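Labels run A, B and C following the written order; every chain starts at residue 1.
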Amino acid sequence: MTSSMSVAKVKQKRIAELISHGKRLDERGLNDYREVQIEVGIIERAEGSARVRLGKTEVMVGTKIEVGEPFLDVPNEGVLTVSAELVPLASPKFEPGPPNENAIELARVVDRGIRESKAISLEKLCVTPGKKVFVVFVDVYVLNDDGNLIDASAMAALAALLNTKIFNYEVKNGEIEIKPGYTQLPIVDYPIAVTFAKINDKLVADPWLVEEQVMDARLTITIDKDGKICAIQKGGYGYFSMEKILEATKIAQQKAEELRKIVVKD
Amino acid sequence: MSRKTPKKLINENGTRLDGRELNQLRPLKIEVGILANADGSAYIEQGKNKILAAVYGPKELHPKHLALPDRALLLCRYHMAPFSVQERKSPAPSRREIELSKVIREALEPSVFLEHYPRTSIDIFIEVLQADGGTRCAGINVASLALADAGIPMRDLVVACAAGKVEGRLVLDLTDVEDKAGTADLPLAFMPNLNAITLLQMDGDLTTDEFEQVLNLAIDGCKQTHALQKEALKAKYVAVKEAVEEE
Amino acid sequence: MPTYFENKQLVVPGDLIAEGKYGAGDSTYKDDDKIYAARVGLVTLEDQTIHVVALKAFYVPSVGDTVIGKIVEVGISAWMVDINAPYVAVLRASDVLDRPFNPRKDELPAIFDVNDLLIAKIVAYDRTQDPLLSVREPGLGKISRGQIVEITPTKIPRVIGRKGSMISMIKKETGCQITIGQNGLILISGKTPEDERLAVMAVHKIEQESHTSGLTDRVSEMIRKEREV
């Protein structure tokens, strides 16, 4: 995320020095994540919902299911759409208004993780081929930004999807008739995003706010349940060497497995 | 209106729909300094891609409160013309264009000596006149040349190329059809003399081994493209020198 | 100590020019012990310093430079001057008036108005403020006649030539008065429009062919040929 708040030079130096010695200001190891807390089903009006706390970063995701038209090139598939809002109350940096480049990037990175891992069985969301399908809206709502919104949002989105139920229905005369009961949204993969900050040429996983303000580049790697890479996004005004990228990939696979166990409790 | 995706993108001989080998770039044509008003400009044709880039700056930034006290602000706008794609695209910036504007800016930032020009802005405009996959990479290629053409001091040129996986094979420089029907697409931007990767995105499905191979393939494509970038930058000076020597 | 490019060779940003204990001159930068080109230009080795004479660059103000500028704004006690640089320059009323500025008596537009051209000197400039101009020295001040030609500032030395050889030749052949601004603007004032046209042509030719040799002779030949036509 681009930041306009600057950190005092003395603090910047301290953070960089600590990191050269494998330590962080909050005493985590370079590859350690902050504590993750997840609650699901908190918004009854939503078809699915989850709130993730990653340290002090807090993100809520709500899912809504509507009936809509399929895309022309995939007439028998449901539609997934992800959006994100950096609401002003989450940070002094966020201003009211339409989503800016940071919100849009956040939504699209979370979207790619879910879409490319084919986490949702979109073929099962077809109501009338070519005419009516279910549209799954995943809305990411950032409540407090203390760093690493991407990973927190991705976990919250996955948890919300796992929590999502669609009403049972029957198609009569081309119209949808709602029947009693619900069915879980068919989820077959569990993508987890792992983000690193590069500070003083070292990688730190799950950067918190101060580290984000000091980093020169950011790398997000999304891993599916089989350990395959389904999305990558480099951010920030700096760069990576190929060696660093491959190093990050290895760590990401390991962290993704750990985080997945927290999100998918089945 | 929908177009049907062809059944097979790569035949048994490993030849792609447009006749290319798996690791072959599309034919490239690059020209530098083609717009009169811009401080720097460049144009590229890569396969069916036609993309123009222009640079204005460094110039004083107004409103002043947006300016940075210690460096220049890089502003980048990636935009597609309504007629650039099969189905007319609305001129209003889409979410994709906004994201690409951001990642392209971040791909170019490490190459410019922004600290030399505090309180100014350097504006980069990328216009996609015709699109056929890999437009962000081609856009970075011309934007970097436009910056050099504007006389803005740079650490290195930035060169970009995409590689991916189509029908189980690893390929270089995907067209739109290959990207849509393929299983992975990885655009990458690179500063060749500094060995620094400044843009990296991937969407698809790759094992870590495949990922490393695709990464190397993209970097190889970048190195090939870099040679053509340098030629284009030197071209007009070389032409004048040759003309003078003939006199 | 190895250099990978020779004198007068064309380089592009990122090209590794040399390795070793060289100094990084114009349009180059140093990383570890390596000197890289930062702009497109010609390599020039001067003692132990490597320069790249950029083929195209914008003007960066430097204290002591004589520049030609255009008034773009008349403020309350100063003028804003466009000197073809990333920063707008400032000319204070107190510099022109030789005494403290009196808002009730002094009308700035009467001295310099928007779109007036002037020759000035840069007396102050640093990273935190816009360049400050002065017109106090003789030869500076408002430009009342002549044409302005604009070329990329890095080619100004070529227009001047070694020990002024090029500019002297043009002045002699065309009979024009020529004032050179370090910011790439050149004032040409001749007895006839034809004289001025020839001088302008000469300047453009130098800009186009600055990276070639034997230029002085070719330019003087061109002027003579044009006169015959």
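In the analysis below, a residue touches a chain if its C-beta (ideal position, glycine included) is under 8 Å from a C-beta of that chain, and two chains touch if they have at least 3 such contacts.
Owing to the predicted nature of the structure, the values given are computational and were not obtained by experimental measurement.
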| item | value |
| --- | --- |
| Mutual neighbours - chains that touch chain A and chain C alike | B |
| Of all other chains, the one whose Cα centre sits farthest from chain A | C |
| Central chain (by mean CA position) | B |
| Separation of mean Cα positions, chain C and chain A [Å, integer] | 53 |
| Where chain A and chain B are represented by their mean Cα positions, the distance between them in whole Å | 27 |
| Distance from the mean Cα position of chain C to that of chain B, given in whole angstrom | 34 |
| Residues of chain B touching at least two other chains | 191, 194 |
| Residue numbers on chain C that touch chain B, as the complex places them | 10, 12-16, 27, 29, 31, 36, 38-40, 54-58, 60, 86-88, 127-128, 152, 208-209, 211-212, 218 |
| Residue numbers on chain A that touch chain B, as the complex places them | 72-73, 99, 101-102, 104-105, 107-108, 112, 115-117, 219, 224, 227-242, 245-246, 249-250, 253 |
| Interfacial residue positions of chain B with respect to chain C in the complex | 39, 57-60, 69-70, 111, 113, 116-120, 148-151, 153-157, 191-194, 230, 233-234, 237-238, 240-241, 244-245, 247 |
| Residue ranges of chain B touching chain A (in the complex, touch as defined) | 1-2, 5, 95-96, 98-99, 101-103, 106, 109-110, 186, 191, 194-208, 211-212, 215-216, 219 |
